[in-house]
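Both of the next two complexes hold subunit A, though its partner changes from subunit B to subunit C.
For the complex of A and B:
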């Protein structure tokens, strides 16, 4: 099957007064039609910047330095501003993290949803658009759509606003939905409702979802495949069952241990990962996770580990695996001269 | 709506009463009176004058006399100019000040808001830098210096514009620039910072993610939100411009209200001080009320009930 969305060696940086902040440092992955892929990582791991890069919704000081983003094989980076606008919303739509601030406070909900339809279907009359909007409000299970149509965002609760955001995103029946932490700002019961809604709509509309979150529990409930990001790179990617049964990367393991309810044998105690995410300014000497990694060896702090495929669907970027797999043997002398991440299969 | 208006009018009357009371007390607290001269007047004359203008009554009596007149829109006779009432001064001076102020206001709105928007959209580029440099100068340089420089350059050196009066359209150019410079610079800066802040909001990103063009994003989602702080400042600005500026009217020899107001304070022309203060305060209160009505139009979150 042909992937609907491909991200190839994506590098996105922010040019700041302090220097170049390399938020995304070479990310590769494919998204296939109809699947839900989770992207997990702490704050600052580059997952949001990666997702904003896809539709080029980055801040003015952000630059995509390298790599490519392909939609059905066409490079979105080569698209003109006008062409990319036709993709935004119609082919690839987004739901953002904070529903409280993501809606225009001065515009009625009906107008904000209808605007999406009007932009991509200029031939429709106001009435036709209204009919569609009311339909969408029903679809995202907002009660009394007729009454809600003319209301402003401040008359909606957080969960209801996120439903509106989902209605906006789905208004043109996109093929890909990028959900950037759609449930993070909501409380747990509402979170569950929104996840269920997203899943049922995904089944109904058969779209692909890129689900960005820092919550492995949400991933377990929602996704078929998971990408674990750290320091702007993919640390591990696996099918959902593989990842939960057999996490390989120490960072993935750490995330699991710091998550409630999955490890029943631990008597309610959570184990946080010590330390904080790396400074994204400048280059890393070795693996970005090395300073926080309990299993780190000398090589980890010196040289970036290459990506290793354990099987066609499970890849890891970690020296521990690389040595286990006996794919390379590097002596300490070589370590210092070797070019990071290359020549691993020689 | 009627209830809202009624409530606001009631509050305006209370505010106005307090303003009158404070002005009255402060005015009488200042030493000297309307008939104080370097050479003292003969006692009889001064007594007769005080009697005529009821200045020998107790202060509370004078105050309530004044309020009684005010209710009939009678601001009383000028103490300085025989046979002329304060109403005459306002009727003569206000249209002149208001005409100049009105032209200035239109000029400000047509220039400051577009410049502020342009500057925000060109954030960080040379256009932004140039506009903000001029705006910063406009905010910091006092109007009498601007007026003097303009007169020197355009009237004295280049001889393009007249130096005084308001007879032709050319004579408006320099006073409008001098009078409006500050407000124009201030509003341009406010418009810029407000729009910049709005353009960084999450809902702007949402609008972009819908596939709207940048123009649509700015016009439909940016401007309306960004105009709210600008409208707030417009109320006092309008009142300020229309009621006249002492400095500008003095420099350009314009017989407006500003000159008369400052003169009346120096000369302890009690009724004139009171009359013009009341007029100015009323005007300011009405403008604030109108601004609040504008809010209702632009911000649908504000509901009257």
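For the complex of A and C:
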């Protein structure tokens, strides 16, 4: 199967008064039709910047320094502003974290959803648009759509607003949905409802979803494949069951151990990851996780580990694996080129 | 240590005379010294208001709060001052709860100054440095400002400020909700260590049930201003009685794909209703699968079903 979206060696930096903040440092992955891929990481891991880079929604001081983003094989980076606007919303849509601030408070819900349809389908009449909007409201299971159509966002609860945001994103039946922490601002009960809605809509519409979150529990319930990011890089990628049952990277393992679970015995103490996330200013000496890693060796602080594929769907960036697997004995120069290139050892 | 009796807090609704927000309605519980009560519920259920009413940031509408046997709900501001030393609060947002214009030393020393505890600067510094060390920060951090710290470090500063007066009751209002997972566990373990070392009593507020399990001896579940269930921590996970508690437990994502696929969820439909005109009878009946006519008409009584297991639900009369 051909990937619908490919991110290739993406590097995104922000030019700030203090210097260059390298938020994304060489990220590669493919998204295939009909799958839900989770991107997990803490704040500052570069997961949101990576997703914003895809649709070129970055701030003015951001620069995509290297790499490429391909949609059905076409580079999105070569598109003009006008061309990318046709892709945005119609082919690739986004749902953001905060449903409170992403809606226009002065415009009725029906109009806001209809706007999206009108922009991409200028030939439609007002009535045709209204019919489609009512249909969308039903699709995202908002009760009494006719009444809700004319209401303002302040008359909606947080969960209902997120449903409206999803309706806007789905208005043009996109083939890719980027969901950036869509349930983080919601209560667990409402989060549960929204996740269910996203899963059933994904099946119904056969979209691909890139699901960005910090919550491994949400990933476990939603995704088919997971990418774990740290310090602007992918540390581990695996199919969902593999990642949870056999996490390899010390960071992934650390995340699992520091997470509380309601079906675990309380005696299992939480094991936090010591220290705090890295400063994204400037270059790392070695593995970005090395300063917080319990299993770190001397080499970890000096050289960036290469990516190693344990099997075709499971890759890890960690020196421990490189040694254990004894797949490659590399000289220093090779390591450096490997970092710049990547993953040729698949 | 702490006893709350029929505590109620209503807020008047602006522009609508006589209408009130029923934020907290008739709450009863007891908390022994050295124990932790975890309080959970959706946003808007009144858990933060309850905490703030106990600590007298808000004036209670009715009901009483006993701290070490003394009724503090009717005390004047002046009478309250020595008591405030005994109860302190840790806030949710480590970004807005620290003054951006004060150095860390001044932030942590402020409670000492407010209660005129130290007579010399050296004495004050000694206490502040000791406290910084206890929360895992160094003396070199003392003269910096809050913006130079990460979220987890700021929360440590908030904890240092709350504990420098050596309080006995500490109210933690979602102290970890704003932090990353790896940092959450650090803060939770730090709070647990202080509880052992200083014999603290915690009222720990959270919006979901997963982290609460690791810190609490007892867990209380709130819904629309009412306490609907209260029991020993393990009991609430193994034998939840109230349909709302079951739904709340069912909606926490399970970090295991295999278990997540197996799990049969008891889910909660719809949104939390407005606390201005809460539903009649049992406040949960609008979202409850088991609701009967009786639930709509009559509010269930708060009763002890088995030893130390309290619930307010007609299913368990």
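Following the convention adopted for this analysis, the second predicted complex is superposed on the first by the 321 of 346 C-alpha atoms of A that agree within 3 Å, B and C clash if a C-alpha of one lies under 4 Å from a C-alpha of the other, contacts with A are read in each partner's own complex, and residues count from 1 in each chain.
Throughout what follows, a contact is a pair of C-beta atoms (placed from the backbone, for glycine too) under 8 Å apart; a residue touches a chain by one contact, two chains touch by 3 or more.
Source: prediction; values computed, not measured.
Superposition model on subunit A: subunit B and subunit C are shown accommodated side by side without a clash. When both complexes are overlaid on chain A, the residue A:197 reaches neither subunit B nor subunit C.
In the superposed model, A:90 lies in contact with subunit B only, and not with subunit C. When both complexes are overlaid on chain A, the residue A:104 reaches subunit B alone and has no touch with subunit C.
Once the two complexes are overlaid on the shared chain, A:23 sits clear of subunit B and of subunit C alike. In the superposition on chain A, contact is made by A:273 with subunit C only, not with subunit B.
In the superposed model, C is the one of subunit B and subunit C that contacts more residues of subunit A.
Seen from the C-alpha centre of subunit A, the directions to the centres of subunit B and subunit C diverge by 70°, a value given as a multiple of 10 for the model superposed on chain A. In the superposed model, A:303 makes contact with neither subunit B nor subunit C.
Note on the superposed arrangement: subunit B and subunit C approach each other to a least C-alpha distance of 10 Å. The interface of subunit A with subunit B does not overlap its interface with subunit C at any residue.
By the touch criterion given at the top, residues 55, 57, 60, 81-82, 85-90, 93-94, 96, 98, 101-108, 115-116, 119-120, 152, 154, 165, 168 of subunit A touch subunit B in their complex.
Against subunit A, in their complex, subunit B makes its touches with residues 123-124, 201-203, 205-214, 216, 220-221, 224-225, 298-301.
Residues 42-43, 157-160, 187-193, 195-196, 214-221, 240-241, 244-245, 254-263, 266, 269-274, 276-277 of subunit A are the ones that touch subunit C when the two sit in their complex.
Residue ranges on subunit C touching subunit A, taken from their complex, read 42-43, 150-153, 180-186, 188-189, 207-211, 213-214, 233-234, 237, 247-260, 265, 267-269, 271-272.
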